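You will see two complexes here that share subunit A, one where it goes with subunit B and one where it goes with subunit C.
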Partner chain A sequence: MPLSPFRLIARHQWHTLLRERAVWLLLGLVLLVAAYAAAAGWTTYRQQQATQVHYQQQARRDWLSNPDKHPHRMAHYGHFAFRPRAPLSLFDGGMDRFLGNAIFLEAHRQNPVNFSEAGFSTGLLRFGDLSLALLLQVLLPLLLFFLGAGTVAADRENGTLRLLLTQGVSWPQLLLGKAAGLLAVGLLLGVPLLALTGGLWLAAQGGAPSLDEVLRFGLLTLFYGLYLALCCGVAVLVSAASRTARTALVGLIGGWLLLTMVLPRAAQALGSYVYALPSKTAFQTAIQADISRQGDSHNPDDPHYQALRDSVLRAHGVATTDQLPFNYGGYVMAEGEKISAGIYTRHYRRLLDTFRQQNQFARSVAFLDPYLALKNLSMALAGTDFLAYTRFQQQAEAYRYALAQQMNQLQIEHIPNRKRPPTEKDHTIDRAYWQRVPEFRYQAPTVQQVLRAEWVSVAAFGFWGLLLLGLGRRAATRLTAL
Partner chain B sequence: MLQALNLTKRYPAGAAGAADRPALNNLNLTIAPGEIFCLLGQNGAGKTTTINLFLGFLQPTAGQALVGGLSVAEHPLETRRLLAYLPETVMLYPNLTGLENLDFFASLAGFRYSAAERRDLLLRAGLPAEAHARRVGTYSKGMRQKVGIAIALAKQARALLLDEPTSGLDPKASNEFSELLLALGQAGTAILMATHDIFRAKEVGTRIGIMREGQLVETLPTHSLTASELETIYLQTV
Partner chain C sequence: MLILLFQSFLRATGVRLGLGFLLAAGLISLLVGRQFLDRQQRHRHEVGAAQQAELRQLAQFHAKEMGLMLYYAQFGLVNETPPLAGLSIGQRDVNPAVQRVTIRGLEAQKYDADLHNPTNLLLGNLDFSFVLVYLFPLLIIAFTYSAVSEERENGTWRLVAVQSRYLPGFLTQLFAVRLAVVLAVLAALLLLAVPVLGLPLDASLGLFAGTAVGYVLVWFGICFWVASLGKASGTNAMLLVTAWLGLLLVVPAAVNQYLLVRYPLPEALATTVRQRKGYHEKWDLPQAPTVARFFAHYPQFRHFPLPATSFNWLWYYAMQQMGDDESAPQAGELRRKLYQREAASRQLALLLPSLHAQLGLNDLARSGLGNQVRFLDETSRFHEQLRLYFYPRIFGEQPVAAEPWDRHRVQVFTDRAPLRPAGLLLPPLLLALLLAGLGWRNFRRHLYQL
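The block that comes next holds the complex of A and B.
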């Protein structure tokens, strides 16, 4: 049984490429860089994870070691939330390094997430950190374009193309065979890189990975595989449409520059121009303005709180707040917290909407630039995208709100209502209450949520796959040997 | 075996080599199995266009090219299976040996041969045994031509299309080539050869056609003419 022309051509292409010593040199070089990227990714992940765990535990210990205190003082003592690292962040750092890592949680105010890695680094970080994802997204496609430029054009140039076709090879067989041979060489690098990632990812789990984690890694492998196949298809089609391997190479490298260097930056810049964000100051000033319009819980003459007091007194049939059966200060604080948190959330949502529009814009550009589809999907699946970050921010705020309200509740229930004479010590409650506050635990978005947020990128992937198929079919009927 | 019916090719205006007149005008030609038809004519007379139309590398503007009774334009893959093609310079993969090239191209056509069979094919094509395992990059033009013949033999082609196959060959290689063609013709292969070499054409051809400006202006049987008579007719015609 003779091999099909498709397999013969694929095998021939594979052998042709691997006969070149330069190819082995390039492969070796990339593997070396990959080893460095893997080591760097692993070390950074371990360090950051250790730091996060250390400080989160320290914050917990500090919280619990507080003596008997007035609960509102505890609310001001506050707590910290540290952003944990997703295991796959060692593969794709995404935005991680540019986003804050720690947030101080206290009553009455929503603090920003501070201390990004980039904030403490020298300019070196701006050159982009070398991650395994970067190699697979940027370098491997370049290599495939470099190797793939000659796949069909070289045969056309030296005349073997006519002989191939005279032997009864059809254009679809030729194009698919060449692409498959090229892809096999690409996988020679891609598979070790993904295997390396898989090994580190498993090691980072500290136990069996959850189904969610397995799905993330599986999808990541799938999309990277598809992307490499896409690159091979593009390289072979450009090569087939070119007179010479040289023109094919120029076209492919030009396209690579445009798609991986120019367009992503342009898309980002355009996105933030079209959907402008308020400055940090403007954002906070707007929140403050809204809160003072609602009323200031710390100001006893505030009209909103005067009305609140009058209605509470009426309901309980007493003349002064001292006669109420619960701590009125705590009650007012709880009301204030509810109002300010509501206002903050409203503004924050609006801010997030703008971010979402910016990101959605950038994602839509993936219909012009498949690289962006892969980049966004990779970040999202690795848990290093903006979605993961806002999840952290939202969960930290929810935790802060619950903490503040829990302290207010303790005050309402356990602090005497009458005014304390200046000589007397502060009212306190037992430190055992601090135990009742749960620990802060970040819940990463699930794969389903990630895919829902990234549906545009997935659609763009499908679009490019279909487009390539369509172009391939068209090419198969139009190309000639001459 | 090879048949042209009112075959016409006009290149699109503006394309390289495009002229007002068609590159090939109303060609009618039938080449039976075992026949060797030699096409003579100046450069640009339409010889290569004719061959490319039979190969299906060009689409005819009008008329049709038939191979084994099948239209080339409608069944390019099927008709190519019946054909072998030898250009002026046979292009092979220089990094592969003669044996490897033969194996690769024969396999593409769906034929699988043992190493011994492949050696036998190369020997039949006239390639000395010591060259079989050498890289084609080291071959002379004549040697590559022989690998090309071996590929045609391996494919059991029923028709052979040759485009100036002997230009640039030394007399000995050229002579060996002629003998090979005669042997193939006797075995029943239909051969269409475009050439400038009138004497070689007279020697191997059963018929000769002279082309001028895309038209077949003269068709002559070779057995009734001497080479010098043929040359006179050629010079008068073109």
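The block that comes next holds the complex of A and C.
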């Protein structure tokens, strides 16, 4: 059975490209870099994981080893939450380096998540993160552009294009065949990289991966495959529209540069210019002002707490707080925690909204720049994006609040109202209560939640696919052999 | 002849497009820098105002107890942002430029992160150093990759070779014209930066410009050397873009990855966990031994008697002090490792012009890790001063109202670490000369091959 022209052309393209020794050299070079990235990534992953588990356990041991105490002392002793690394962060580090790794959770105070890798890095960090994702997102497309610039234009230059077309090959067959041949070469590199990712990912699971994890990995593979196909299509179309291979190459490299290097930064800069952030001081001052307005438990003359005391005294029919059947100090602190946490959460949400607006701005630029669509989707599926981070912060705050209120409740129930004279030790409760506080466990968002948050990127992917098809169709009717 | 070369070079649309693009990117970068400096300035004012207001309010709330007042009172230290940081923002967007500390345990406060959108940090700043380090080389590549090979490919090289009186001179002029145009763009942007960012005309700015010129020269050296290999234009482009990728994407990221593996920082978490334990466990121990250890650290306060109450401020601040004292080994190790990272990246940068330029510009703009570590050191000093000042006032139960709180203004840290002109300027110059020499040798061999 004779091969169809499409398959013939694809096969010919594949052989032509792989005949070049330079191509093999480049492929080898990229694989070498990939091996280094995987090895270094794995080592850091293991190191960080080990450190984190070690200190998580130590912090827990410290917590449990506390003797009998006043519960409010334990509320201040507090707890740590360490941000765990997602298995797929081995593939795409995303924002990981810029995110804090540990947060101290105590009563009355919302601490920042501290100790990001970026805070301890030299300016080198800004050159990017050497990950398998970088190779697939940035380097492989460029390689495909290098290889694809000549696919049609070179044939035009040496006159074979005319021969091909006069022999009955149609433009669609030609373009698709060239693109398929190019994609096959791309996959020669893409498949090993994704296989390497799969290996690392499985090794990081320490057991069978969950359905959610499998879906994440499957979707990553799908989107990267689509992106590579998109790049091949673009390369062949540009080549077909160019008079010489050189103009095609210049155009493709220029486009690559603009889309991967310049536009993402410019978009984010513009986004953060349009939606300005408050400074940390302004943020904290605003929270403090709201707390003072609504009721500051640290202010002895605060009207809110005076009214509260009067109403409690009236309800129980007693004259002083010492006569109440429960610990009044604990009661006031529970109220204070409720007010301050509510105000903090309100301000924090507003801050998050500003972040989201900034990000959404850059995300929408994906309709101009498919690279951004892939980058955002990849990070999101790898669990190293903004969503995963805010989840961690919110869960840590929820844990902090529950911890503080649990200690307040213990105080309300078990600590007598009448204070001991200043020369005696304070009241305490049994240390067995410390066991009742659960450990902090981070729950990653599910794939559905991730996709919902990234719908713009998915839509941008669809848009680019359709656009390419449309352009291909138009090109097939308009292109000439000359 | 030279004028003709200029004209023919500048007439090409590609060249004009490239120049326009670079100038536009440069202008945007200056605006980004201006915006950054404005933001820093605004924050600094906000901190000053907030500190005054808060101290006044706290002094009212806690008028009876100095110890309680200082439990809450925060004192600010600002890491001064020189205008040059507008050109090279470096790590300044990651690390907070303001520290606000209470006199309680320092290790629990020192590393507090700033409010920022991690997406902004990830994508990076479009500052001048980005334009210089990433985009200038591309323009240089675009201008020179076919400077000689194209003449050979079009067949005009024979004409030039026959008609030129001195072929090496023509070759030099070919590159000199391109170098002059690129340096003119660089000069224009830097000159414009002076009024836009309010740069003082000082040694730092001179060195900044020198480092930038050195970096441009290195790239001209690389392009000259590649041109001297006598390959086709397409091959030249491929080689140069690969070099660009290597120097700007792959190798720096690999080096950074290596530094992370080589100097991991478990000490960061160790310090914070140890500090919590060191302080909190003292609540369950008798007061006397803790206070004795405090007096061993600060013998000058020995004369303050320990009150017989179950809670007192002397004991409280002694406990806080123990959190810092007991986590000092871990904190010291952390600091040492940060300096090691900084030193190691500096050494590796000697071999890699892209790293050398970026780190050098950050050093000059006081926006690198070195500046951050020095700011942390200064924070420790600042905090220690606060303690030494307030401890006797707390233990001596000085009335809150007697303290002139308005005089406790936000302090400013100005980084005056010495600059090393030779280290900044020599490596790129030597590398550029080496490349030019090697290229010259190649050219001499086949300059007259037609």
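Methods note: the second predicted complex is superposed on the first by the 480 of 482 C-alpha atoms of A that agree within 3 Å, B and C clash if a C-alpha of one lies under 4 Å from a C-alpha of the other, contacts with A are read in each partner's own complex, and residues count from 1 in each chain.
Following the convention adopted for this analysis, a contact is a pair of C-beta atoms (placed from the backbone, for glycine too) under 8 Å apart; a residue touches a chain by one contact, two chains touch by 3 or more.
Being a predicted model, the structure only gives us computed values, none of them experimental.
Trainee: Touch test for A:Phe223: subunit B only (first), subunit C only (second), both, or neither?
Mentor: Once the two structures are laid over each other on A, A:Phe223 reaches no partner at all.
Trainee: Quick one: is A:Tyr305 in contact with subunit B, with subunit C, with both, or with neither? Answer first, second, both or neither.
Mentor: Neither partner.
Trainee: After superposition on the shared chain, which partner residues are touched by A:Tyr328: those of subunit B (first), subunit C (second), both, or neither?
Mentor: So A:Tyr328 meets neither subunit B nor subunit C here.
Trainee: Does subunit B (first) or subunit C (second) touch A:Tyr45, or do both, or does neither?
Mentor: Touch partners of A:Tyr45: none, neither subunit B nor subunit C.
Trainee: Residues of subunit A touched: more by subunit B or subunit C?
Mentor: Tallying touched residues of subunit A, the top partner is C.
Trainee: Touching A:Leu130 in the superposition: subunit B (first), subunit C (second), both, neither?
Mentor: second
Trainee: One more residue to check, A:Leu351. First (subunit B), second (subunit C), both or neither?
Mentor: Only subunit C is touched by A:Leu351; subunit B is not.
Trainee: Where on subunit A do the contacts with subunit B and the contacts with subunit C coincide?
Mentor: Subunit A residues touching both partners: none found.
Trainee: Of all residues in subunit C, which touch subunit A in the complex?
Mentor: 14, 25, 28, 32, 35, 39, 42-43, 46-47, 50, 53-54, 61, 72, 90-91, 94-96, 98, 100, 108, 111-126, 130, 134-135, 138, 142, 233-234, 237-238, 241-242, 245, 248-250, 252-261, 264-266, 268-270, 272-273, 276-277, 280, 283-284, 308-311, 338, 341-342, 345, 354-355, 358-359, 362, 367-369, 372
Trainee: Subunit B touches which residues of subunit A in the complex?
Mentor: Going through subunit A, the ones touching subunit B are 2-3, 5, 8-9, 12, 16, 19, 158-160, 162-170, 480-482.
Trainee: Residues of subunit A touching subunit C in their complex?
Mentor: 22, 26, 33, 36-37, 40-41, 43-44, 47-48, 51-52, 54-55, 58-59, 62, 66-67, 69, 73, 76-78, 80, 82, 94-95, 98-102, 104, 111-130, 134, 138-139, 142, 146, 245-246, 249-250, 253, 257, 261-262, 264-269, 272-273, 277-285, 288, 298-300, 351, 354-355, 358-359, 362, 386, 389, 420, 422-426
Trainee: Can you list the subunit B residues touching subunit A in their complex?
Mentor: Subunit B residues touching subunit A: 52, 55, 57-58, 77, 80-81, 83-85, 87, 89-95, 104-105, 107-112, 148, 151, 155.
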